[in-house]
Amino acid sequence: MNPINDLLKILSDFVAGIVSGIFAFSPFLADLVTMGLAAVILCTFAALSFMGLTYVERKVVARIQDRLGPNQAGPFGLLQPIADGIKMFTKEDTTPANADRWVYNLAPLVIAIFALTTYAVLPFAPGVVGTNLNVGVFYLIAIGSGSIVAILMAGWGSNNKYALLGAFRTVAQLVGYEVPMLLNVLPVVMMAGSMSLVDIINKQTTLDGNPGIPFIVFFPLSALVFLISGIAETGRSPFDLLEAESEIVAGFHVEYSGMKFALFFLGEYVNALAVAFVFSTFFLGGYAGPILPPYVWLLLKAALIFFIFMWLRGTLPRIRIDQMHNLNWKFFVPVSIVHLVVVMALMKLFVTDPAQAEAFGGILVAPIVQAVILFVASMTVLLVSLAIAARRARVLRLQEEAILEQRRAENLAAARA
Amino acid sequence: MTVQQVLFIVISLVVLGAALFVVTTRNLFRAALMMMLAFFGIAGLFVLLEIGLFAVAQVLIYIGAISILVIFAVMLTRGMQGMVPRNSQAIGAAVTAAIIFAVLLLILGPLRVTIDLARWPVISLFAGNASPREVGGIAWTPADRAIPPVPETYIADFGRALVDLNQYLLPFLLIAFLVDVVLAGAIFIARQRRPAEVIEERRLRAEEDAEEAEAMRRASASPALPEGAVASAVDH
Amino acid sequence: MQNVLNGIPLWWYLVVSSALFCIGLYGTLARKNAIALLMGVELMLNAANINLLAFWRYLAPDTAGGLAFAAFVLVVAAAEAAVGLALVISVYRTTRSIDPETLDQMKL
Amino acid sequence: MRTDFAFVGVMLVTAALLMGVALIAAALLRPKKPNKAKLSTYECGMETVGDTWVQFRVQYYVLALVFVVFDIEAILLFPIAVAFNSLTFFAVANVILFIVVLLIALLYAWRKGALDWE
């Protein structure tokens, strides 16, 4: 074992060895304590990255918008997250008088729990993964529905019109964007032949005679749609219309303050980081990469994705709710379905495995050729659909302009008369 | 006791308690939340059965989709919040459910009623050496065979079976059509009609009613009936 | 006894599922609110699913039968909920009531 | 490397404990001086008018409905995707038929205006 490349693996084996030494009398207890330690480490990692990310995001967005960002607490404002933490812990927290107390108080807990549980299946390095479920992809998507429940609980428990309205809008957005996510993970699962995240990464490395091409090359459309849906799933800008301060006063968590608000915030950031990790795993090859140690590769890729999130947040204006729904239901979903059909047909037609070609027919091609074919097909679907959407948008805009023109003429005539 | 046994008992109690809450509470939103808890617990039972696929599918479909539909429906029928939870046949329903549960327990569980005409029915604990029960020719309690493990590839096997002409291809395709019909029907039923459509509908209904009344008038005014009958019908 | 999975015999699952079924049945028969009634139906369908999967696991894990049937139950449960709740919403909009006992007219 | 759900259960419990501890610690640290104005419903300083039960649009339900349809599709398509490499041409043709039928459902909903957000 290379001590630098397998640092995480060596450390985790070391800790597991110590624990099983202490609990030598009961393998079950040793197992339980090992798992508990791993869970605590993962939760701490998520919470610490949440603290760090709030600082980094504020700094980066400030730079993009030509501001300074936090610069008072400590050098370069580095102590800002700690100051925020102290504030969150000591701020008075009110429960509205006619709130549904149980539901109101449990909602932030539920959202934080489900956000943290996402990390149980993410592989950080070869052999370093909480648990390599054979339904990992499914698990990630299913856990996402936990936050939907928490949002409904928060909206209903607050007993506030705006909270309830915000919760409903949020849920409509979250369930909507789950559909393109599901549809665009399917090509990845088909390619990897497994729903386990480790298998998906292995398929993108050069192990077992695989070509070592990340899936973003095979399915650029899937990657793009997955990334945008991921941003929408986590409710980040430009899809943050559900907590638009000026419109529905912070949406479903309007009544929350102090630590409970912090938990909602933590849920949002932890989910966003999880989307970055999941995207790197599905489409960029996860921890696979040359020279550098695997965990560094994973962190680099996730950091790149998260930087894209921050960049979008710093530059794009918030979109309207009808645009948000139209983008999803009238563009992403139909395009993803068409893409899925095309990919299915092509993947059956052009196969890379000789045994499969012999058993089920199909044209045997080299992996590179298959990648090129799928890339071209995926890009064609993307460009054609974009062209259609652009033409349709132009028609709609012209219609709108014609109506406006007509109305203006009528008004003018009325004014003259 | 193994860990799995303890977990099974805890999860079952949670599921049954949540289910009892669902059917007795007055607050429909809390009922829906508790229903989610019950579904989550059932996913836990599937994990104990070592069927991860369905544990996750349970969470995805029941918690992520069906419960959301239920909560939306609760919100849309908001005037119905403070309703009395039970209707007039509640006692009968409870008795029926209890009887069915007792019968199921006797059929499925370890309890057995030995009917001896000379004495009262005796409920005795099912002993290991009693006659085995069979389902489809396979003895299932007490078994004389070890339980085979779930194959590693059960997800792929399931996927293949779904599109295998000799297995479940027809139901699989029927599902697509069923779902089509469900979507079309549900959208048609639930769709918010535009004001113009509502007016049109009312007009059609009024026309229909008028036609009906006309037909009735004509029928009652037919010469076969005596004048008095018509008058009395009109009086009513 | 050999027919236990991790120490749990099959009849434990069957008893839990029948208890859940009967609770759902009570809910379906005794609730005054049509949505609560549908919740009872969902509980009953879940009980059926526990049964299907438990039997599959204990008796025939090497086939796909139990899984396929459980999946179809899932689909049918979703379809039933979708159409049932759409009906409830539609009825509520016309009559302002979703109490099945008062909805006894053939024409709304 | 573990491949079971035990770790997920442990993770759920651990996350619940850690977050619960954070909430309790905050509850002990923070001041607690409630008064009537603080406990009233927040509406930008306005007095609350009417009850919380604002009228919801059936549009939310219809969108959830379309979502349910695709959720069902997903649960059936994922196992098939896992087995994709060992499917025959005939099977893949049927899967494509399945997806196309669902696309028709989507187009119907679109046509009926169920996807419009007015």
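Read from first to last, the chains carry the letters A, B, C and D; within each, the first residue is number 1.
Just so it is clear, a contact is a pair of C-beta atoms (placed from the backbone, for glycine too) under 8 Å apart; a residue touches a chain by one contact, two chains touch by 3 or more.
Predicted, not measured: the structure shown is a model, and the values here were computed from it.
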Message: Of the chain pairs C-D and A-B, which one is connected by the greater count of C-beta contacts?
response: A-B
Task: Averaged over CA atoms, how far is the centre of chain C from the centre of chain D? Could you give it in whole Å?
output: 21
Task: Just give me the whole-number Å value for how far the CA centre of chain A lies from that of chain C.
output: 33
- line: Cα centre of chain A to Cα centre of chain B, whole Å, reads 34
- line: Rounded to the nearest Å, the gap separating the Cα centres of chain A and chain D is 14
Query: On chain D, where are the residues touching two or more other chains?
result: 5, 56, 58, 60-61, 64-69, 71-72, 74-76, 78, 81-84, 86-87, 92, 95, 102
Query: For chain A, what residues touch not just one other chain but two or more?
result: 133-134, 138-139, 141, 164, 168, 171, 175, 178, 193, 195
- prompt: Could you say which residues in chain C touch two or more other chains, in rising order?
  reply: 71, 74-75, 78-79, 81-82, 85-86, 89
Query: Among all the chains shown, which pairs meet the touch rule set out at the top?
result: A-B, A-D, B-C, B-D, C-D
Task: Would you tell me which residues of chain D are touching chain C in their complex?
output: 58, 61, 65, 68-69, 71-72, 75-76
Query: Where on chain D does chain B make contact in their complex?
result: 5, 9, 53, 56-62, 64-69, 71-76, 78-84, 86-87, 90-92, 94-95, 97-98, 101-102, 104-105, 108-109, 112-114
Message: Per the contact definition, I'd like the list of chain B residues that touch chain A in the complex.
response: 3, 29-30, 33, 36, 52-53, 56-57, 59-60, 63-65, 67-68, 71-72, 75, 152, 155-156
- request: Would you mind writing out the residues of chain C in touch with chain B in their complex?
  value: 1-16, 18-27, 29-33, 35-36, 38-40, 42-43, 46, 49-50, 53-64, 67-68, 70-72, 74-79, 81-83, 85-90, 92, 96-101
Query: Contact residues on chain A for chain B in the complex?
result: 28, 100, 103, 133-135, 138-139, 141-146, 148-149, 152-153, 156, 164, 168, 171, 175, 178, 193, 195
